[in-house]
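Some notes on the structure that comes next.
The letters A, B, C and D name the chains in turn, as written, and every chain counts its residues from 1.
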Amino acid sequence: MNAAEPARCMRLTVDAEPARLADIRRFVDEVGTVAALRSERLFDLKVAVSEACANAVEHSGGNHAPLHICAWFHSDRLIFEISDSGDFRLPGAERRGQAGTRGLGLPLMAALMDELRIQKTPGGGTSVSLCVRLT
Amino acid sequence: MQVDSTRLLDAPLIEVAGEIDHGNASLLTAAFESTIDEGADIVLLDLSDVTYLDSGGISAILAAVRHLRDRGWLGAINPNANVRRLLEIVGLSVDNGFRVFADRTEAEKALGESSES
Amino acid sequence: MNAAEPARCMRLTVDAEPARLADIRRFVDEVGTVAALRSERLFDLKVAVSEACANAVEHSGGNHAPLHICAWFHSDRLIFEISDSGDFRLPGAERRGQAGTRGLGLPLMAALMDELRIQKTPGGGTSVSLCVRLT
Amino acid sequence: MQVDSTRLLDAPLIEVAGEIDHGNASLLTAAFESTIDEGADIVLLDLSDVTYLDSGGISAILAAVRHLRDRGWLGAINPNANVRRLLEIVGLSVDNGFRVFADRTEAEKALGESSES
């Protein structure tokens, strides 16, 4: 993010559970309306945010650990940041066995978004940023 | 999400309505598995009322396509523009175990051609 | 990157071919020596850069398209940027069939690096940034 | 990279030296395939002289482990600290079709135990 440009933000904190993915999409709808996103781009963003949150839910480990979602409004782009408290890990052998039906999340996020960023939070945890250009 | 199993001509037809995501895609997987276990070579999936789909649902579709590919195909009916675009992005539009139909009439025509051959 | 901090950089441009991966690793060795990286972190960086370059080679499409690699030296971090001219795409059905032996690259980059960033270059092309904290 | 095929006791032993990457991993895949085609249940891979390994090589190892898992295992001998760490990161250290040995003596001991049972 550019330090010269303070950004407005909208936040959502939910329990890290698959059942909350629908609530998260309603939040993306709200943000998309505020940012006046085209419906096509809103759909892409909903999918990318869902993928990031589904991963966070799966890997955040602790039951009901909170999942933090923040939407940053910049003049030229919208950034969703999804933070969880689990370390980034590689899929285990069981997962790898599910031939060709897993491992779509990261490629899908990268293909749908203008930018995908995965950061290790110092002190543990993973933060995923999804960026959509508004121009 | 709601999943109903019915038939179109001789083929099993799964009708889904609502949003398919990581939280509920197991229902779709179960519907596919029971039709495939019954020996179906061609399975239809009506997506007319599906407003959202993510890799949870795509994985379920990919697994069904993988099972059907060598003996038949999975036919998706009337996905909305966004859902159709997503199916293209993940490469399903060039998978020979997967077809997309604009409506049930088109799907019926393809079923007829498949049973002739 | 922080605008207030101009960064020094070292560049390498090679043909996008698998046979050049060894040359790319020698370049990472050079950069790592300049940045005084620990040998463990240098190994991680070599693997992550290799994965990014192998993807770029595989997806840049055109024969012998140039692959641009740039190492940015910041006071607190080292960033490798790998740019190719192909669009980010999802694996095709043939690839997905190779049960559990593909799709390691992105998760490995994310797991090994402090930050992984995948950007669409406006006008076509993909740029992957790999960040190692120096502190 | 150099790949040699020899034996340790009754087991095929693949010795690799140098850097295994996406550009040359197919040589390793070929070596695995020929030992597995010959019916080996246990395959050894001496990594003592391997200085570098990326997902090209890891994929070759994963494919071999997948083939051997139900009837035996792949044993990696003396990977350096970085290579060993990478094998752990990709989850091989908890895969029951994969083992790591500090040296050939340790590997021989495990071969002895496997042939007893």
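Observations, loosely collected:
Everything that follows uses one rule, which is that contacts are C-beta pairs under 8 Å (C-beta built on N, C-alpha and C of every residue); 3 or more make two chains touch, one makes a residue touch a chain.
Values in this document were obtained by computation on a predicted structure and should not be read as measured data.
Listing every chain that touches subunit C and subunit D alike gives A. One finds 41 Å separating the Cα centroids of subunit B and subunit D. Taking each chain's centre as the mean of its C-alpha atoms, subunit A lies 22 Å from subunit C.
For the pair subunit A and subunit B, the distance between C-alpha centroids works out to 27 Å. Per-chain Cα centroids separate subunit B from subunit C by 38 Å. Residue numbers of subunit C whose C-beta contacts span two or more other chains: 90-91, 93, 96, 99-101, 104, 108, 111. Contact of a single residue of subunit D with at least two other chains is seen at positions 62, 89-90. Listed by label, the pairs of touching chains are A-B, A-C, A-D, B-C, C-D. If you check the complex, the residues on subunit B that touch subunit A are 19, 21-23, 52-56, 58-60, 62-63, 66, 81-82, 85-86, 89-90.
Interface residues of subunit C facing subunit B in the complex, by the touch rule stated above, are 90-93, 96.
For subunit D in complex with subunit A, the touching residues are 62, 89-91, 94-95.
In the complex of the two chains, the subunit A residues touching subunit C come out as 2-4, 88-91, 93, 96-101, 103-104, 106-108, 110-111, 113-120. Against subunit D, in their complex, subunit C makes its touches with residues 18-19, 21-22, 25, 39-40, 43, 46-47, 50-51, 54, 57, 99-102, 104-105, 108, 111-112.
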